[in-house]
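Okay, so chain A shows up in both of these, paired with chain B first and chain C after.
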Partner chain A sequence: MYKYIIKRLLMMIPVLLGVTFIVFFILNMSPGDPAAMILGDRASAEALAMKREELGLNDPLLVRYFNYVVDMLHGDLGTSYKNSLSVWEQVTERFPNTAILALCGICVALIIGIPTGIISAKKQYSLMDNCTMVVALIGVSMPAFWLGLLLVIVFSLNLGWLPSQGMGDGGMELVKSLILPSITLGTMSAATITRMTRSSMLEVIRQDYISTARAKGVSEKTVTIKHMLRNALIPIVTAVGLQFGSLLGGAMLTETVFSWPGLGRLMVDSIKSKDIPLVLGSVVFMAVMFSVVNLIVDIVYAYIDPRIKSQYKKK
Partner chain B sequence: MRKNIKRLIALALATTMALSLVGCGGGGETSTTTGGSESAEASTGEGGYKDTLIWAQGADVTSMDPHQGKETPAVEVTDQIFDTLTVVNPATNELEPQIAESWEQTDDLTYVFKIRQGIKFHDGSDLTAEDVKFSLDRAINSASVSYIVDFIDNVEVNDDYTVTVTTKFPYAPALRNLSVPFAAIVPKAIVEADEEGFKTNPVGCGPYKFVEWKQGDSVTLEAFDDYFGGKPATKNLIMKVIPEAAQRTIALETGEVDLAYTLASNDVDKIRENPDLQLFEGPSMACEYISMNMNKAPFDDVRVREAINLAIDRQLIVDTILNGAGTVADSIIAPDVFGYSSPGAYEYNPERAKELLAEAGYPDGFSTSLWTSDSQTRIEVCQAITAMLMEVGIECNVEVMEFGRFIEQTSNGDHDMAIFGWTTSSKDADYTFYSLEHSSQQGAPGNRTFINDPEVDALIEEARQTTDEQVRLDTYKELQVLLKEINNNAPIYYSDVVVGANAKVEGFVPDPIEYHKLDQVKVAN
Partner chain C sequence: MKKDNTAQVSGVKQRSLWQDAWRRFKKNKLAMVGLVFLAILVLIAVGTIVVDLVTNNYIYENYVIKQNLRGRLDPPSLEHPFGLDEFGRDMLLRMLWAVRSSLFMGVIAIIISGILGGLLGAAAGYYGKTTDNVIMRFMDILLAIPSMLLAIAIVAAFGTSLVNVLLAIGISYIPTFARTVRASIMTVKDQEFVEAARAVGANDPTLIFKYILPNAMAPIIVQTTLGVAGAILSIAGLSFIGMGVQPPTPEWGSMLSSARTYIRDSWHITVIPGMGIMLTILALNVVGDGLRDALDPRLKN
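Let's look at the complex of A and B:
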């Protein structure tokens, strides 16, 4: 098992190199000079030359990439073009905000998604199932900024219960400020999780061992949770892992609508201002997070399904 | 059955709300503050006024270093922390002393500034001539802001409170340039000791002290009691970043913020009609204009350029797209800029435009393109102009580009026509005319019509080198008439500065460049 984890962690290195390589070259080869971008529409030739030198844009692209990777391996993600502040500090300052929002978002998604998925699967083709699936479809297709604004209008503007934007400072304020963005984020993921739960439950629901369990006189609750859900969990966990991974990467729309100071907004802002080190730093960080979440999901598999655990042991 | 489903849905929603409350709880210290609105809950200050003022703006500070962060969202904050040698009064547009107590121009190239004694930086140290020299030299060497002070040849310290600034050439707008916030005076000792630290923990001599910057979220400032201009009216200032314009209005309506900058034009009426809110409107120093590339046919023909100017119905654009929050432009500098003189309004006359096009050899019009960066208002303006040009037979394609590419390609002169916005930050005509119309400034420095006219150059140079204000005004008047004949730009409109505020806000004066000063603003309980 540990060998497997170490192997997976080592495999992150080529992933990161690939990610940085692609992002670095896309950003540098896209039109628009970062120096001109920073200096705006009034920049003398001398100022542009000065800024390019300051940003180190005069070196060949490959040299710059090489330097970047060497620095990255030393834990230095560089400094932002825009404000000369450390990229690492900016990214790590924003990450906890994104993490707490992602965590709450995924909680909302699980609370809604799994029970509704189970009910839908058990009552397949009933009115309840059809309604749930329609709601789930709407949930998947609903744009975050629309749902977010709608919730703000109802709960902040009309009812005055919750703050419309921003991240509260600890305690109740934080909890209150988390509710609307979490519901916005969670609803979208909940829809995916509901559909995934329903379909994987349906796959196991007619298996022979379910009939056997029922024939043995096992209670319906135990049959549902122990025999059906546990066997149906692998694809659900995968879906949840993927959802959580992408939420950790920053839910850009939700963070923008709710003025949430997270990683997603940092990335949008830095892409807009072509702040290459900051975009790269955020992407590297997100890639690491995504890989880690995937690894955790793979480890969780082993606890859900003993067959997989035995396979890990063989490795 | 239907009832059951309704009940189920209601139950599901209620459970979600309750569970997310429980699920998200825990961690962090408990707070006695309830409700999301800090503004509503803020403790009271002196004399029935709140001790905290919260304002919302669309973007975070780019850099706390005034010699680096020149973008409006940065200056909106740093302007509270730093002061400059001179200042332009936003209400009267007159130049006034700030850090400099007085000045004297001893010859065409020399200014002697007497620095006010007793000014303290936020760390308690005294502001002296050394700090002034250090700051101006630092600004000159900063690629981001050097253009505002690069007329300076040398700064010399005469004694602790006297500085001599020598310019490279006679430069009339010098004093107004020194009032631009990027020419801020910073403490030499602190910056030299830890320049990196200064960028995140700025120290100035302005009315407010820096307290905290939560990047992407907020900046907190606290009144500096030893401010030489008197104690600020409100004890604490909080800037909140709210990127969505609609959300800024909502935050204003819910009372979460007291002031909201840069509102969406369709929210303006909503605020105007709300008795709990008030709207501050004022003319800005910004002009939106279309530059026609004179190096490219058919824009090398003055008749074509004039035809385009005649084909645009500016009033319609202001009334519809801007919802009235602007004024039709007749020059590329706004009326409040020193040196403005109306060369006469641009007429909307599509018939005459068609005639001119026919005279120029385009009786059936021609195809061209109009470039814009990805700003929603500009895109809408371009679409309207396209429709207007179509009426005179010009088929025009709007091309929307990401800002970096837009700046680079228009600097290279690849465009036919492109729309720009320009704010005369120094409030002096030279700032705009030199950059946009002088032949030495073609491309990236600002002249994107690529105009190269010796007569225009001569007038611009004359106006910037003469210190006699009347001569300057006369020269600019002549220049604006000439530019209207050349028609290289099509000025469209001057945007208004629109700030939404709680009805209890007092003492706010909108700044025409949007660098609103907040030291005299207070909010009644």
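Let's look at the complex of A and C:
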């Protein structure tokens, strides 16, 4: 097992280098002089030249990229143009808020998605199945940020049950402020996971070993969970992993709707103020987090399906 | 070409693969409703363009964009079925004029990614080995950046012009297409008819575009429909955070963005544009599902 994890970790390195390079490359192509942005319009030509030298802007792109990666490995993502604060500190300060939101979103998605998917598959073409599928179809078609706005109108403005903005401080306040954003973020994933669970359960539901298990007197509950679900789980886990990526992207929209102080908001604000190091830092950070989640998903595979693990042992 | 003998003997009218698929598609009522809805959207999009050309932008400038501070945020009424927005503009007109941004931008973005991703995927699937490895590792890297993030990085770097938004969305969908095309090419490329064509002396581009691709089209078509849905959602999302289509151009995402400011005052300017996005995406998803079932009945459960 350790060998497998280490192998996967090693495979992650080139992908991460590629990801950082692409994002670095794109953001460094942006027109506009960072030195002028820091010093303002009235700076003298000499001051600008000095600042450019100081920022290393005269070096070739590859050299700058190399320096960036070396700094990054030391936990240094540069300093923000606007307020000269460390990008690393700003990003790590905001990230936990996004992580809480994303985790709650994925929980909403799993709690709704997997049970409804299973029930739908077991009662295929029943009224319940048809209704679920229609709701799931609407769910995947609804822009999350719109759902967020609708929830705010109903639950915050009309009923006044839950806060519409910001993140509550500790305990009940935090939980209350998390409910609407988590539902907003999780609904589309819930719908996708429901559809995925249903179709992947249907693939295994008519297999011979299911009949065998029933014939030898295994209870229906055990058949469903141990025999069907376990075999249907691989595509579901893949879907969950991919959903996490769109969740991180969707967090930007959800955080904008609810003024949630997360990394997504930081990114949107930094794009608006053209603070390139901050944009770069937060995009790279999110991409790294996404790769880590994918790694975890791959490791979970090996636990669910011993065949995958044994594949890696042979090599 | 001469008709197939068996078909003549049994007296059954010969049908091509596409006609067969269309027959199956027609039976799917939900998908047909979706298709009709999409057709209406295309008509609206083209219609508004024609109206703009004929009236020399008169309606666009005086009713769709021009602010009219009397009657701001009026709820739906007989005179204005969708109500008025925060600047007193008729919501129905703005909704109609917004169709073309979403629809055409979504389609163009997917054409960009379809062509680029398709070529890369075709090369990877057809040549295999090193070519495949290099291209697909590059795609893995692109795929490791959530598509919304990639789009945002591109728009952040180059600004929020229409072309940049299209490129951003287009590029972020390249890996999906490359994967789909590669996979479907690999299933077809070793079949006998390809070998036969090669034996006759067809060169690589002819083989790929004339023999392999037409026979590997089904998953690509499905992917395109779903891709347009995704692209429209992404464009609306980008516009919502102020990085896509800019006001006063009517676009559903940016309409929602300005509606957010007035969310305490009126509900209709929030509900209506979202409905537009949702119904469009719903129609595309339903048609995509229908196409998948019609083109590849094995996948249906």
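Throughout what follows, the second predicted complex is superposed on the first by the 271 of 315 C-alpha atoms of A that agree within 3 Å, B and C clash if a C-alpha of one lies under 4 Å from a C-alpha of the other, contacts with A are read in each partner's own complex, and residues count from 1 in each chain.
Convention: a residue touches a chain if its C-beta (ideal position, glycine included) is under 8 Å from a C-beta of that chain, and two chains touch if they have at least 3 such contacts.
None of the values given here were measured: they were computed from a predicted structure.
Contact with chain B, but none with chain C, is seen for A:Gly186 once the two complexes are overlaid on the shared chain. Looking at the superposition, the partner that touches the larger set of chain A residues, chain B or chain C, turns out to be B. Within the superposed three-chain model, A:Lys3 lies out of touch with both chain B and chain C [touch as defined at top]. By the touch criterion defined above, A:Met29 lies against chain C but remains apart from chain B after alignment on the C-alpha atoms of chain A. In the superposition on chain A, contact of A:Ile153 is made with both chain B and chain C.
Contacts of A:Ala47 after superposition: chain B is touched, whereas chain C is not reached. Of the two partner chains placed by superposition, only chain C is touched by A:Ser291; chain B is not.
In the overlay built on the shared chain, the residue A:Gln165 is in contact with chain B alone; chain C does not reach it.
Judged by the touch definition given at the top, the superposed model places A:Lys226 against neither chain B nor chain C. Touch criterion not met for A:Lys123: it reaches neither chain B nor chain C.
Shared contact residues of chain A, touching chain B in one structure and chain C in the other: 30-31, 145, 149, 152-153, 157, 256-257, 272, 274.
Listed in rising order, the residues of chain A touching chain C in the complex are 14-16, 18-19, 22-23, 26-31, 137-138, 140-143, 145-147, 149-150, 152-153, 157, 199, 202-203, 245-246, 248-250, 252-253, 256-257, 267-268, 271-272, 274, 276, 279, 283, 286-287, 290-291, 294. Chain C makes touch with chain A in their complex at residues 137-138, 140-142, 144-150, 152-159, 229, 233, 236-237, 240-243, 253, 256, 259-260, 263-264, 267, 270-271, 273-274, 277-279, 281-282, 285-286, 301.
Taken together, the chain A residues at the contact with chain B in this complex read 30-48, 50-51, 54, 82-85, 90, 93-94, 97, 100, 104, 107-108, 111-112, 116, 127-128, 131, 145, 149, 152-153, 156-157, 160, 162-179, 182-183, 186, 256-259, 261-262, 265-266, 269, 272-274. Chain B makes touch with chain A in their complex at residues 1, 5, 8, 12, 15-17, 19-21, 23-25, 28-31, 33-37, 59-60, 62-65, 68-71, 143-144, 146-147, 150, 196, 199-200, 214-218, 240-244, 246-247, 250-251, 253-254, 256, 402-409, 411, 420, 422, 435, 444-446.
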